[in-house]
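Labels for the chains are A, B, C and D, by order of writing; each one numbers its residues from 1.
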Amino acid sequence: MKRMIRASIGRHEKIGENCWSMWLKAPGITEDVIPGQFAHIKLNQGEKLLPRPLSICEIDRNQKALRIVYAVVGSGTKDLSRMKSGEEVTLLSPLGNGYDIKATAHKSIIVGGGMGIPPLLELSKQIPGEKEIYLGYASTPFLQKDFEKHSDELRIATDDGSYGYTGTVLDAMNYYHADGDVLYSCGPRPMLQKISEWAKQKGIPAQISLEERMACGIGACLVCTCKIKKEKEEDWQYQRVCSDGPVFNSQEVVWDA
Amino acid sequence: MKRMIRASIGRHEKIGENCWSMWLKAPGITEDVIPGQFAHIKLNQGEKLLPRPLSICEIDRNQKALRIVYAVVGSGTKDLSRMKSGEEVTLLSPLGNGYDIKATAHKSIIVGGGMGIPPLLELSKQIPGEKEIYLGYASTPFLQKDFEKHSDELRIATDDGSYGYTGTVLDAMNYYHADGDVLYSCGPRPMLQKISEWAKQKGIPAQISLEERMACGIGACLVCTCKIKKEKEEDWQYQRVCSDGPVFNSQEVVWDA
Amino acid sequence: MHNKAVKEPDLSVDLAGVKLKNPIMTASGTFGSGKEYGEYIDLNRLGAIVVKGVSLTPWKGNPTPRVAETYGGMLNAVGLQNPGVEAFIKDDLPFLKQFDTKVIVNVSGKSIEEYCCVAERLADSEVDMLELNISCPNIKEGGITFGIDEKMAAAVVKEVRKRSRQPLMVKLSPNVSDITKIAKVVEEEGADALSLINTLLGMAIDTKSKRPVLGNIMGGLSGPAIKPVALRMVYQVCQTVKIPVVGMGGIMNGHDAAEFILAGANAVAIGTANFTNPCATMDVMEELIHYMREQRMENLEELRNGLII
Amino acid sequence: MHNKAVKEPDLSVDLAGVKLKNPIMTASGTFGSGKEYGEYIDLNRLGAIVVKGVSLTPWKGNPTPRVAETYGGMLNAVGLQNPGVEAFIKDDLPFLKQFDTKVIVNVSGKSIEEYCCVAERLADSEVDMLELNISCPNIKEGGITFGIDEKMAAAVVKEVRKRSRQPLMVKLSPNVSDITKIAKVVEEEGADALSLINTLLGMAIDTKSKRPVLGNIMGGLSGPAIKPVALRMVYQVCQTVKIPVVGMGGIMNGHDAAEFILAGANAVAIGTANFTNPCATMDVMEELIHYMREQRMENLEELRNGLII
């Protein structure tokens, strides 16, 4: 069930170039998180009104804690990065639909890019069967060790060639002949569009997680919409990333805007 | 010279019912503070734009530190009360004119009421000659021990009779036959008006310190004005509490607004 | 003084014949049709739920991004996305009628006729009140153009008043030189109540991409940033009209709500605060009760007549 | 990319013939006549100093309290207290002329004739430019009434334009339904430049005392809270007129300044930010330079033409 709680910060550390990892005590929330769901996080100080949506990267059911991994891109995430262990934030979670894990799939392809990588960690932990994981970074990787534990094959691609395959994650997928029964992805929109085309060509059903600016986070305000095709191919409607998504069937997404 | 500095908080403690004392490291400022001057204090977090004017209660020139003593009356002082030793605030100081200490006076009367009491402490320390000090509180006194060290006679009055004389500070002055060559006062406006009338009757020159809501604190915005008589008794003009004051000759103040 | 026992203040209010158990309403467009917030608060405790703008046919709304955070506020450019009045009656109204609260429908249109058709379609529904939205800054035709022109405001109110069965509240735009003029005209044409303010038209630019943040370039500013403007307008309007007024704009806590009622509002609506805290409506109500007890006020009229000038 | 050496961008700007070394100005009424801030910053580094409103005779201003803090902003109701144009020329101007910066005088009046007399009195002074304040919300007569009525705005601008020697900038009020209409009229009557926005009319109530916080009941809202409204209006006006525009309203840092210039402003003014930080003007300038270097922009026109829609 969705809840609003004050969550105290546990371990909070920098785990990469502009990349932080934060554990939050979240009893009542961790119990039923689905991978791909997110938390709407609000600091209890500062002038900001709107919470920030951040994916749930990992869950520790024993400790009743959840982990978020984030980059500092603006003032909200900057303030977050300054919070200390023991301090509290307000948390609205779990939100969104999450990935629909296909338990019968023999082999899953998991593709992440940049700050779309965090939610795929809990997903990788929970997916049964064989897992081929592709992670694309601009430069130095993060969370790589965490993913190693939950993958059969882990391929890293970096734009600048500082690690692994030099090129985009899609280049790496082609290079290594990625294959599977189902694909799960999260990352920047242009990457998701290319992955969707790739999956369509291969005939692999793909679930992709979108990002959009949010206010309420729970489906009430309609600011976070994306274009989703209706039954009849030509027409589309706006759906809410926060509650109808963030995970959508890649073939339903209209990419023009 | 007026300066803006980031001052780190030293000892910060509650010293009475709704009354806090805070020491601030303020090198470059403490050197030339005149009693009755104030500091414009801004927190480096939160949504507030305007600094809060707080009187300089005491100076420690050796430690290059200054002390403020304040009550929590609204959200700004509430935020201040939550600051911890070691954290920083932004400080614009010393501001205002301060008291004009009459070094030749044989005996000075010092009259404080409520949160007008703090600036009188440094004043009491610096005034030469005999000192008769009257302090009025609603209930439990604060800073009493500090004043004891710098007074020849210290009279406390409380509205509820919980300590010292029961009644207003003016009642106590009449009761104890207050007398002197010059009077310095700070406190709520109605009290200052009565003290001014008392001083006028006795023919004792009185300096009183006023309060007004401020923005710039340095004389530029004209929001903090009070009515001050011009040379010709009938007419008045608005003067700035922050820079023409906060200390005024009691006979010049127009009390109607 | 604050320690003496005081009986619970009476919060009920009569809004043009619609009896609210308390003056806490939701601001249109910020509360969906209630379902989503029902997971966080007890909807029975609200004075009224004002649902998002409903039009005759489904509207798609504006391109994204539709939101930009600003200092103390936010810009939105949803553009009244909604599935139309039929879908509202079929999908949302039955849900809402389960609760012991009043249902007010925010009516949108691009022409007088469209407004009227929505009002007529709702005439025999269980909706308690209509709120005529002549102040949306986010749609090209209709919306705000009705709200800033006295003649157009008069025309639409007159016609909708004739053709609607429920009490009619009209929502005013703050983007005008003199809000009392529009308020007066709207009252004269038969509005039963007024609500204000809708959002102030604003804009934000992303200096990194050098583009407007909003897909629609401009959007409506809401949140505590606009509270002083909203309060001033509510005060001015309450000095001008005799019909009841619902005040809104940046209400975040019980003291904000009390300010609007002191300024003359009969009830208040909570918008942006819901996004900061899904329990905002309940928190505002509790703080308002606390304040009234502290002030030893027994009912809302005492508060509403309490301003000292 | 950010590491490569970039030459210092050229910040100079020609404002209706007045050559500013950079686009950073002070907002009238927030900077006194410069003296007070000279203790914190080097006044020579400012593009221009816009002094507080100056009228023909001394004005006493409004009763206190004259200020109220609000969320992300502040209300003021100073009411144009000033010692009159003679005192300005005698006491303030000689001080200002010591510095290598332009001096712009904000001209106030309660009638067309009063505005004109001030302009005429300044005609043979060393003042570089006049800013006609037809937008002050804090005085009963004149002020804002000229700024919200197209005919009155036209009349005052036409007359003052005739009788003033310096370039004439006109300061617009945001409290209007359509700011582009006033801007157009003012341009047509011969204004050489426009500045906007003045404050939004607002109000605050102290729930403890149940009184308006301001002695004047209402006051002008400024600060970051109003930035989205200011930016929208600057954008709209820049799409409408050909004369230069000075943008202001809630500028707190270099990115805010860049937003206004991207929206089309030729220069910007810093007001409320001075109260938060007396070095605000210098900090804004340095951040603006930093941003322009990051964006590899060589001059202000590049920034001004940089908006992508």
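In this section, a contact is a pair of C-beta atoms (placed from the backbone, for glycine too) under 8 Å apart; a residue touches a chain by one contact, two chains touch by 3 or more.
This one's a predicted model, so the numbers in the text were calculated from it and none came from an experiment.
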Touch-network distance, chain B to chain C, counted in steps: 2
Mutual neighbours - chains that touch chain A and chain B alike: none
From chain D, the most remote chain by mean C-alpha position: A
Centre distance in Å when chain B and chain D are each reduced to the mean of their C-alpha atoms: 36
CA centroid of chain C to CA centroid of chain D, Å: 34
Euclidean distance of C-alpha centroids - chain A vs chain D, Å: 46
Sequence positions of chain C contacting 2 or more other chains: 68, 71-73, 224
Set of chain A residues in contact with two or more other chains: 47
Chain contact graph, described as a line, ring, star, complete graph or other shape: ring
In contact (per the touch rule at the top): chain pairs: A-B, A-C, B-D, C-D
Complex contacts: residues of chain C adjacent to chain D: 68, 70-73, 75, 148, 175-178, 200-205, 207, 209-212, 217-218, 221, 224-229, 231-232, 235, 250, 252, 255, 258-259, 262-263, 291, 295, 306-309
Chain B - residues contacting chain D, complex: 1-2, 4, 42, 47-51, 90, 92, 212-226, 237-238, 243, 257
Residue ranges of chain A touching chain B (in the complex, touch as defined): 45-47
In the complex, chain C residues that touch chain A: 29-32, 36-37, 39-40, 52, 60-61, 63-69, 71-74, 76, 78, 81, 215, 223-224, 272, 274-279
